[in-house]
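Given below, in the form of structure tokens, are the structures.
Two complexes are shown next, each including subunit A; its partner changes from subunit B in the first to subunit C in the second.
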Partner chain A sequence: MNRPHSFTEYIFLTAAVCSGLLTAAVFIFLFIFSLPLLQNGQLTDLLLSSWAPDKGMYGIYPMLSTSLTLACLSLAISFPVSLGCSFVITALAPARLRRFLLSMVRLMTGIPTVVYSFAALFLLVPFMRNILGQGSGMCILTAAPVLALLIAPTMIIFFVGSFEKVPRSSTLAVDALGGSEIQKLLYVMIPLAWPGILNGLLLGFGRAMGDTMISLMLAGNSASPLNSLTQSARSLTSHIALVMAFDFDSMEFKSIFVCGLVLYIFTAILMLLLRMSTLCFSGKR
Partner chain B sequence: MIRRLIEDALTVLSWAAGLLLTLALLTLAGYLLKKGGSTLGVDLIFGDTAPLDALMLRRQVFDGLFPAMIGTLLLITGSMLIAIPVGIAAGIYMAEYCSGRVKGFFSLLFDILAGVPSIVVGLAGLSLTIFLHRHFSAQISTSLLISCLSLALLVLPYLIRTTQTALESIDPLIRRTAPALGASRLQNIIRVLLPNSISEIVGGIILATGRCAEDTAVIMLTGAVASAGLPRSIFGQYEALPFYIYYISSQYTGPDELARGFGAAILLILICAGLLLIALWMQKRLTTLLLYR
Partner chain C sequence: MKKGFHMLSLIGATALFLLFSITGGAAASDLAPFAEQEGALRVAGGTAHIPVMKEAAKQIIQSNPKIQISIAGGGSGLGIKQAGEGLIDIGNAGRKPTDEEISKYDLKLFKWAIDGVGAVVHPENSVKSLSSVQLQDIYSEKISNWKELGGTDRQINLYTRDEASGTRKVFWKKALSKGEISAKANVVISNGAMKTAVAGDPFAIGYISVGHMDPSVTPIALDGVAPNLDTVRSGEYKVARGLYSLSKGEPSGLAKLFLDFIFSPSGQKIVAEKGFIPVR
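On to the complex of A and B.
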């Protein structure tokens, strides 16, 4: 029944197979190009040693730690705010305001990241420079709130979606018992929708790790090991964007493919986790 | 008592979070308008050149956004031309023909592709260029075509997913009617299922277009440059709006150029927000339009 019969149906099949192969091809390209560096030493060495091209060390540990710190920090800012916003949109606000806020959040997903970072570069960076009293004002602490603003709409929409999936019978029961909106959220919706919240959090984390423009324009891009949040730092993604200019055959250039490979594997693991948590929780219910 | 306190605190904090987000958005909009609002106008796009001359390609525009806008337009067109047929065909396959483990495997692959950071997609485009450069022709370098291919790869999973979800969410009653009347599977898809889900598919296409228009990371690795004028061919380098904004942020030489950067930022937001609004509007309206023609 499911087998294709006609020429057109084979085209559908080919398109799907090609798209799947492209996903694999991206991995293969990254792997082949980073092979010269991988052959030199262990992958763990590469991941855990520091960046000193003049000494022949092409470790990406500084970028890796920056990326993780930046993503965690922005998630720590963005998660409570997004959860609060999704509470307001789901239950607390009057119907009209709800619809307005939801459209506003949807519209925010359309704002280009380069615009966020462009505005922050001339607004937030001088502000941070004054507060810190030293340096250029470009640091992880500057980039994190902007990144938080970027990932907030993704998380809010996901949270609101998972709250809406809570069966009406449960929410109506609370209404019938005379519970307030916040009680409904706190004691019924969150316990039922928390797998969705977890998935939204994972997605937000992936988005924060993968963003290029904000860390490239706001975090300062120094490749020295990360010591403090107020210091100039370079993420995996901006490392790729920056080393671009080098000679194609140099080891510096090869290292950006290792960064790409790390990001790719990170994404794949994240998606597997998402899938597993979805399967796990949907099986339980 | 303590419960009451927690509930009240949570309510206040939630409202504060909503307010914070709104304020952040208003600050962004206000700041952009204050800095770049005065530049908005015909001059921003065409500079000193007469608009008609520029549009007819009789004279080059040097101090306006016209080349960058044309570059972005070509990028969108090119990548969507590549991505739409493949994406929709693959989406149809996923929804109508694929099942069981194969489907699970494919959707995991597409999820990974959707989640891969855009700079990694750009990197893949770059490695393709280097590969072609080494093994086929030394003349191949980063170009408009490579960028279009990479952007197409970037939005491909969105298109597949939209098509698939749109087809899968069709009412089973509608799905079974045509086959019951003797229509083949393919006829059912083309005559009944696709027209029924066209609004969501088109909505998805427009969202994907917005993604192409805004993405900076892919094009900065695959051929966008600061001053190329209008692209001569699809094998040439080009300018694009998002890249122009990035370039201005670090390389501006004076307040005029900076103001133009803010103007470009407003323009890009307008384009992306406009596309988003059209997509949302489409998803409500288009079905009715097509079903009652």
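On to the complex of A and C.
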């Protein structure tokens, strides 16, 4: 890299370094505050036991498993839908419809999650309660589709972007050979756009893990260990939101720093995977 | 979300005033001290307090638009903590802070109302009365079907509040005799959210402040005593608590004026109108 020489470049450099340091500072902050718990060798206890403050148990296992299940399930719903949407937007729809669809998707990225959860609270929750025939209707199965709706636009935009980067020469070659649009997508575009698809997938997963409002309002927030998808459950993020109100000195409050740390580390590992996968794939070509 | 809502309703209340310029019911003399004031007052904490806080704030803002009052929820735990840390001017709590909390933060307590906490069910539920033992069994999951209580053959959907809630603490101590609350219960984060949840779920049982009860939910008579203003006032209904506002050290400025207003005849009238029992 060239050494920066203009004033503007220095400003940008400082901004970049500062934001990088801030991210590190958040990690250090979380780490220092969870240190008392980690030093007592309670980490495995915390990660693997359940949450019962009355009995002196501050484990986050139920929340961790809920977060992971919820994220995976919503991704499983959202991924095929998003992939299909991006096919339609890139190739299958007439040009005018494509532009309309893409602007709709862009609009969707801006909708706050509380709006989704609020609508689902009055529409989806009673519906699920009737269908399931038991329980309150607030469960992972209710939260997952809404979460899928939330992460879909991010993934669609990413997918469309990577499809558009497929060299025109390749797609023209398919046309020249008389291949159909579907064949073009399946045998040329997907293999070539694969790294971008993976990136979008990981980004969607990260968003699903990190969202608070949807699981807080729709999943029921029960802290009992996860046994079924139709049971009320609490995600890591809602757990932090629910326990925030405790006294600073209480064990409950201290334990949420570990929650934060776990969330941070999970997201960091994901981003690392993302970078590595991108490097890996681009290295091959 | 909760905070957002309350801010919204506060903005809504102010907007309503600007549109219709309703002259509030407060006696002018109680609002007189606010005449020359301006500035901002931050109130947060217990969610049972919110209707009274909002109405008081509305009347004060109507009398003097230069004063800004923000009211947020968060629960009693948050009210005590944030008031103690000096993050807000007035913290609300639906339980008495512990001696430890009072001495650590140098909190001054202002108890301005008495409130009951009662179990509620959906209006369509045929079960309207329970014994204490039955209620304890429901919350510890020994009874898990409405059929066992003479209702329909459906699983009981338990609703509870987060552990920092004062309403939860009082209900747990006085209605459940410190019995277990099942970990499988759904957790909601305010009195308002509890009412919405129970009003929308025909097989639910939850508990809210008596001041928050309205026809959208049916109160459950506990050992034959229905939770309402009269039974709480007479002491017949035992699950009651004080509603407190807290300040760090002696309140000053707007915080003091605000608390004085709550204790004034106009303020106590609001307390009664919102379904609580005034202390004066």
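Convention: the second predicted complex is superposed on the first by the 270 of 285 C-alpha atoms of A that agree within 3 Å, B and C clash if a C-alpha of one lies under 4 Å from a C-alpha of the other, contacts with A are read in each partner's own complex, and residues count from 1 in each chain.
Going forward, a contact is a pair of C-beta atoms (placed from the backbone, for glycine too) under 8 Å apart; a residue touches a chain by one contact, two chains touch by 3 or more.
Keep in mind that what you see is a predicted model, and the values were worked out from it rather than measured.
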Review point. Subunit A superposed: clash or fit between subunit B and subunit C?
Key: clash
Practice item. Classify the contacts of A:F122 with the two partner chains as first (subunit B alone), second (subunit C alone), both, or neither. Key: both
Check your understanding: Touching A:V243, do we find subunit B (first), subunit C (second), both, or neither?
Key -> second
Review point. Is A:G135 in contact with subunit B, with subunit C, with both, or with neither (first, second, both, neither)?
Key: second
Review point. Which holds for A:V114: it touches subunit B only (first), subunit C only (second), both, or neither?
Key: both
Practice item. Could you look at A:L149 and tell me whether it touches subunit B, subunit C, both or neither (first, second, both, neither)? Key: first
Exercise for review: Check whether subunit B or subunit C contacts more residues of subunit A in the superposed model.
Suggested key: B
Check your understanding: Thinking of the overlay built on chain A, is A:M213 touched by subunit B (first), by subunit C (second), by both, or by neither?
Key -> both
Check your understanding: After superposition on the shared chain, which partner residues are touched by A:Y264: those of subunit B (first), subunit C (second), both, or neither?
Key -> first
Revision key, fill the gap. Superposed model, subunit B vs subunit C, clash-positive stretch out of 55-63, 181-189 or 199-207 is 55-63
Practice item. Would you please give the residues of subunit A that touch subunit B in one complex and also touch subunit C in the other complex? Key: 114, 121-122, 213, 217, 241, 244, 248
Check your understanding: Within the complex, which stretch of subunit A touches subunit C?
Key -> 50-53, 114, 121-122, 125-126, 129, 134-138, 213, 216-217, 220-224, 231-232, 234, 241-248, 252
Exercise for review: In the complex, go through subunit C and note every residue touching subunit A.
Suggested key: 1, 4, 74-78, 80-81, 85, 101, 154-155, 157, 159, 162-164, 182-189, 196-197, 200-201, 203-204
Study note, to complete from the structure: The residues of subunit B that touch subunit A in their complex are 6-7, 10-11, 13-18, 20-22, 24-25, 27-28, 31-32, 35, 85-87, 89-90, 92-94, 96-99, 105-106, 108-113, 115-124, 126-128, 130-131, 153, 156-157, 160, 184-186, 210, 213-217, 220-221, 242, 245-246, 248-250, 258, 261-262, 265, 268-269, 272-273, 275-277, 280
Exercise for review: Mind listing the subunit A positions that touch subunit B in their complex?
Suggested key: 2-6, 8-9, 11-16, 18-20, 22-26, 29-30, 32-33, 80-85, 87-89, 92-93, 101, 103-119, 121-123, 149, 152, 180, 182-183, 185-186, 206, 209-213, 217, 237, 240-241, 244, 248, 256-257, 260, 263-264, 267-268, 270-272, 274-275
